[in-house]
Amino acid sequence: MAPILQVRDLTTVFQTDAGPLTAVDRVSFDVGRGEILGLVGESGSGKTVTGFSLLGLVDPPGRVAGGRVLFDGRDLVGLPEPEWRRLRGRRIAMVFQDPMMTLNPVLRIDTQMVEALKAHGVADGRDAWGRSRDALGRVGIAAPEERMRAYPHQLSGGMRQRVAIAIALLHDPDLVIADEPTTALDVTIQGQILYEVQGLCRRSGTALLWITHDLAVVAGLADRIAVMYAGRIVEQGGVDDVLDRPGHHYTRGLLASVPRPGRRWARLPQIPGRIPSLGTVPSGCGFRTRCGRADAACEAEPPVVAPAPGREVRCHHPVPDEPR
Amino acid sequence: MTDGPAPLVELTGVSKRFVRPVDLSARVLNLAGARYRPEIVHAVDGVSFGIRRGEVVGLVGESGCGKSTVGRLIAGILTPSEGSVRYKGGDVARPRTVREGLGVQMIFQDPFSSLNPRKRVGDAIGEAPVAHGLVSRAAADAYVAEVMERCGIDPVLRRRLPHQFSGGQRQRICIARALAVKPDFLICDEAISALDVSIQAQILNLFMDLKEQFDLTYLFISHDLGVVEHISDRVVVMYLGRVVETADTDTLFRTPNHPYTRALLDEVPRIERRARAFEPVKGEIPSPLDPPTGCHFHPRCPHATDRCRVERPPLVEIAPGHLSACHLNAAPA
Amino acid sequence: QAQSVLTIGVRSEASSMDPHWTQLSGDKQVEQHIFERLVDLDHNSQPIPGLATAWRNTDPQTWVIELRRNVRWHDGEAFDADDVIFSLDRLAAGVAGAPASPAFALAKGGKKWTKVDSHIVRITTDGPYPHMAEDLAFVGMIPEHKARGVTASVDFNNGRATVGTGPYRFVEYRPGDRIVLERFDGYWGTKPEWDRVVFRPITQDASRLAALLNGDVDIIDYPPTPDIPRLRSDRRVGISEIASDRLIQIQFGYRDIEPFVFDKNGQPLAINPFRDVRVRKALSLAINREAIKDRIMGGSSIPTRNIVPPGFFGFNDTLRADPFDADQARRLLQQAGFGDGFKVTLHGPNNRYINDQPIVEAIAQMWTRIGIQTDVVTMPRNVFFTDVIRGDPSTVPGVDIPKFSVWLTGWGTVAGEATYTVTGLLESYNAATGTGNGNWGRYSNPRIDVLAFRARQELDPQVRLRFLQEATKIGMDDYALIPLHFQVNQWAHRANLKHQPRVNERTMAYDVSRVR
Amino acid sequence: MTAAGGVGRKPAADGADRPFRTFARRYAQSASAMIGLVVFVAILLLAFGSSWIAPQNPYDLRQVDLLDNLLEPGSTSFSGMTYWLGTDRQGRDMLSAILYGLRISLIVGGLSGILALIVGTVVGLVAAYVGGRTDAAIMRVVDLQLSIPAILVALILLVVLGTGVEKIIFALVVVQWAYFARTVRGVALAENSREYMDAARVLRLGHARILFGHLLPNCMPTLIVIATVQVASSISLEATLSFLGLGLPPTQPSLGLLIANGFAFMMSGKYWISVFPGIALLVTIVSINMIGDRLRDILNPRLQR
Amino acid sequence: MSAFILRRLLQSLFVVFVMTLLVFFGVNVIGNPVYVFASPDCNQACVNGIIRSLGLDRPVWEQYVYFMNGAVRGQLGNSFTFGVPAMQLILERLPATLELAFASLVLAILVGLPLGMWAGMRPDALSSRAIMTVSTLGFSVPTFWIGLILILFFSVHLGWLPAVGRGDTVSVLGIEVSFLTLDGLSHLIMPAFTLALFNTSLVIRLARAGMREVLYADFVKFARSKGLSPSRILFVHVLKNIMIPIVTVMGMEFGGTVAFAVVTESIFSWPGAGKMLIDAIEVLDRPLIVAYLMLVVVMFVVINLVVDILYSLLDPRIRFSGAAR
């Protein structure tokens, strides 16, 4: 069965005063049905823009400048707006990072849920209300009847995020894009949400693109991981492959810099320098200025090394695969 | 608490309440039978612990549990509603000497708002030492350069404004600003939470280096248990304004006692833990405006008994240096 | 057949429909359509029969007044002597809360009134009293059967007591917006032309004119002077005008030291130059009255050296307005020892008289040119008159004198003859007898005092006229005050209307008729 | 050894550490704002150079001749002087009167704006910084002041005080200080809760230093923006009050008074007495508002990305 | 909620109290109304009589106590000029003022909201720049000036609209309104427009700023990600949010609009309370001035309350709690 989502060389550019900035640079990945792909990367690496590009929600001055987004076999790039509307929410849904900001503060929860159903004409008023309430129940919200009539500000952050997830799941979409939905939440609440999301995906076979900067979260949740750096995917593969045998020096540095149990008070290996801002990404390998292994060759476009199916490393000098 | 030298900082029975009083009109209406009561947030509720010289104490807990408030109380920005916060035996809010007043410094979470956006970073670092006469105005420039150098920022940049620096650099500047007044105790309130993963390591390393160089003592506030585990000698766990457990780091992570601590440790995502089946702690974090009775954790605790619902469990030593506030410990096993 | 309606745009709103409430002409002009007087005033403010057909002395202290017969109130009741007695009593007693009742005129001279029969009333005084007719022209007649017990003027404003004998009856009073009257068909006199009359207060001059020009109203009072020349050539509009009884003048303070007179360096002057008649004369000669008339008044003012307008009893036609002669003015100053000039502040109101502020400014200009450096301070009338009349007790405790040293003011000879004005402006001030109550600078001249006193007692018109003209001449030769001009009352109306103007500034519907 | 984060990169030589230049450059990006600035500077020069530029001193009665009154624009007087914008009822040269009137209007607007800014800022800062009952009490007074519309307060004050430049400035200050106080307090409260303020406290800096060295500078952008708005509105308010007869003395007319005086001549076709001062007033206020708009765009942190 | 209302009432009581002090003593300082009403030939005795009849012979503080005594019983005294209760006079005129103010507010929102929203949606379009320039003008043109120009052009020059006054009115629930008759409407339009100019500019700005902020808010993006139609997003999600500041500010401005009606009414001879205030100030009719101000203050309080309630309907985040200010 073909993956539900196939992204090929997706490129998104922002037209700014300082010239065009490529926020997403020739990004390619697949998400299979029922699969959870973790898209990780540090701040500004282009994760969110990637997510928006998939939904056609990049606002001017940004635009998708190239590549293809094959959703269920159909290329979404350049789709007219009405077509987009039919897809959004119904077949592809999205959950945003900040639960405090994603719900309209002046509309009640039920309004915001029911309209999502009505927009696609799948349910009339009463029916839509019932379905919405059930959806709330499914994401683990106690007393959903009551919560339906609440305004967002009357709910805690965790509850709001679950409402957003419930809205995303209303239509049993084929793909959910979750943009750091738990970053703003506490550990125990994050645990609850991960639990719900995981269960729902498993049950309904929804594919999930989980965007985060927290390697640890995707470690527990995802099937596969894609690592972004400065707008490009530098490495992707199965969770264990990427985390245990990182092929890219960036991934390796990143993993090394996270404190691990049992090595208390030891100096952490650190990646020198800082993440380049978009305009200042070096040519060739974007990581070369911070990479210990970099040499003249890195000034050229790095090749994609694919040691195994579904596993890719974009590097001139990939880390030799040496199991630890 | 283990014996040893007198603590550098000591909190005894510290409470902090934020009260929004009932105003005149509400009081008038109360006479007519209405029931307006002042809104009281028990941000910190009877907290006691000490920090010895040279020690790194980690303070963990979920959002709103009062970690920052404890930090601010120790820094003397807030004064406790009850109890006392002592630094070198004196009240932190009323330092006896300038030196003592400057002994405790604080690094904040948000590197964007913790620097005055309109002050050049060199001035920000140099202001306090000059104002307090630690260095002369003439020598200030060289002094600032030296401190910046130590914190890993090129002194050439001292004429720049904060917005021209990255988050990591700003945090270094904040650290330099604190170190410029030669403190011996640093409170790091989520000092690395807002930074990128790759930068976090740089700052953590800097903290560790500086501790060695200046013989500093830290209170390290964080919700990232991994980081706390890495850097702390001892950990204090708070829940809704109260300390629920404290122990040295190894003990706490290996044999957590309090159900909350255990739940917390269970939930912490770790790179090593793959393909997990998540098992959530039930319930929401209650509001500090209206905390549960008895043990604050009882509504979410799988082991809660009737006693937990009514009686506040005291913080008792269950093993040397390991304190926990749970009724289960008192119950015969 | 369509109703004929006359809409009048007026500058000041009537504050009350109660004829005993004030003497403000804004009030009078409305109320007088409804309520009549025993003695009416013609267009030149001279007494003519109103509700009284005749008044005469039976002896120097007794006046007998014959009332008109077959006069009906608007509600059909007959008018008789009881109503007269009631009206006089009410006014004499004063209306509660009324800002300014003319009770004082009635109260003077120990007057007593009695009913002789149903249509004859007798009034006795404690001495010869020549002005009885003029006094009676102040008193509106109200119906006893309606107004007894009515103390507040509210009942006049809501129409309950607003029942008169006049040509129009009260319909509606919407404060700030309009007052509506309609023709009273039972009126004893000439049947008025208009079925309805609407008064609309429009305070802003330009707005009032705009309302006339676009047809909202048919006639307006006080058309803005700057527009007069253009209006005269506008075929849609007609202008009617008449010299008013209002004298615009400059008055001086006669104290030893005046607070607003300084030397060239701004130091207070130790002597009062205004006490020197040469200085006063110089200041008069320095004023170019013709320029003020042409340039400021739109050609509509009557430069004068009299205190009552031509045609009024007491007018002295030997007095001609001072010509503009700056050179002589300078010479006179030289002679008086003020060749280097001095500095004064000229005060004036800014919303009381036609172009009051521009006149003050222009005079300042002219005086400055002969070396008397003149600053200008103008103020709203309430502040101005408070300061003029009550004065500044701090300068001379207990004495009411103006705060100012030299100021512009006006005086209307409402009584229609000069005794009133000689007594008010030129006679020495006396709080007890009420003489000199417009002589705020406290000018005093015994010769004038004697003449004025005798004029008040004299019943023979010829003799009285001589006294008044003599007194006026003495005062003017002495430059007790500087008369500038009489205002000209003007109205602008649609060209298809005809309006016969009045000296006393009032706009009456029966003065307006259609051109046939 | 310490980490090398960011040390390696030398400061870019784009003048980015010169905030004023950056500011000026950003300001200049808007053409309309530049026009506004140029016009306003020109107006300032004209107004404050009026003693030298104006053909006549309209306040000197010897230079004003009644016989030259109501002349059309471009007319020539007996003395050979040309009245480019005509004359008013007193024979004042309109051009000179406008220039002088502009000066008065600007002085009144500017001075009252600045005084109100100072008063309001101090009050607002103190309220925010001290907090508690002081804050509550001060804010009650501010609410009270703000609950009554400006024009009413000014009307009453002028009725009570009488007219005159200093009185009208006083009235305008009374009317405006509360706006500044409220705004400053709002900004200062927000700033006060930012962590750099806590940092300053932990560094045990003195109250005065914190208040004026840290808090005030960060309130400045907002202050500048509302100051421009308030100056524009106080010029307009002064004109309105003058129009209602409660403004300035007649011999030293402000723009508002000139317009009011000219009002009477509008319908008789002598438009210049009212229209030209009106245009001057309009251009002045528009140019200030244009500047204010741009400042708002640049300085408002909420609109900064 | 009731604490909130009570707080407002206490606050306004205080405001009213201060106002009475200010006006009472202030007006006393400037001049004596007697000299306005007295005819020039009124001598001292006559003046004294008037002073007595107006109660002005007492010391000011005594007059004040007397006044307050009446005021708490709802009697604000009689107008010096009209001799009728000042309150009654104002209440008679207030509807005209309120109608004018309301009309101008409605006009401001009807015109300003769409323009502002458009300018916010297409910030760089030429039309948007034009709108913003015009709005700057609207802020800058003094009311009285635009009023004059309008009269000159539309009444005198073109003769389309009546220059002054209120025109025919119809009584609705005992209140005279003019917007229901053609004549009334033609009288209303110019003053309302004049008065609305400032507020229109304000609404344009608020709407534009709100648009710029809300349009890029996460929740709008989220709404789009749900597949909602643009019209639903604009008219439900966006509009409701930008209405919050507009309603608040317009509510606050209503008081100012009523006050500024003083100027407009005086130009257009609109028979409202504002014009009466100007007249009253001119003649120092103290009871009238005090009564007007007190009524206006009370009205502000009521309006503020209504605005707050409206605000809470629009913005559920604001709810009256016992201690909320």
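Chains: A, B, C, D and E, in written order; residue numbering restarts at 1 for each.
Note that a contact is a pair of C-beta atoms (placed from the backbone, for glycine too) under 8 Å apart; a residue touches a chain by one contact, two chains touch by 3 or more.
Because the structure is predicted, anything quoted here is derived from the model rather than measured.
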#### Entry: C-E compared against A-B, more contacting pairs
C-E
### Summary
Greatest centre-to-centre gap (Cα means) from chain A is with chain C
### Inter-chain centre distance, chain A versus chain E - centres from mean C-alpha coordinates, in Å
53
### Query
From the C-alpha centre of chain B to that of chain C, how far is it in Å?
86
### Query
Approximately how many whole Å separate the CA-defined centres of chain D and chain E?
24
### Euclidean distance of C-alpha centroids - chain B vs chain D, Å
47
### Message
At least two partner chains per residue is the criterion; list those residues in chain A.
### Response
270, 274
### Where chain E touches two or more other chains at once, by residue number
30, 148, 152, 156, 266
## Note on the structure
Where chain C touches two or more other chains simultaneously, the residues are 204, 206, 210, 213, 351, 380, 383
### Message
Quick check on the complex: what are the chain D residues that touch chain E?
### Response
32, 140, 143-144, 147-152, 155-157, 159-160, 162, 232-233, 236, 239-240, 243-244, 256, 259-260, 263, 266-267, 274, 278, 281-282, 285-286, 289-290, 293, 302-303
### Message
Which stretch or stretches of chain D touch chain C in the complex?
### Response
61-62, 64-67, 69-70, 89-91, 162-163, 245, 249-251, 263-270
## Note on the structure
The answer for chain E against chain A in the complex is residues 216-229, 232, 236-237, 240-241, 244, 314-317
### Query
Can you list the chain B residues touching chain A in their complex?
62-63, 166, 168-169, 196-202, 204-205, 208, 223, 225-227, 229-231, 249, 253, 263-264, 266-281, 284-285, 300
### Query
In the complex of these two chains, what residues of chain E are touching chain C?
30-47, 49-50, 53-54, 78, 80-84, 89, 92-93, 96, 148, 151-152, 155-156, 159, 162-166, 266-269, 271-272, 275-276, 279, 282-284
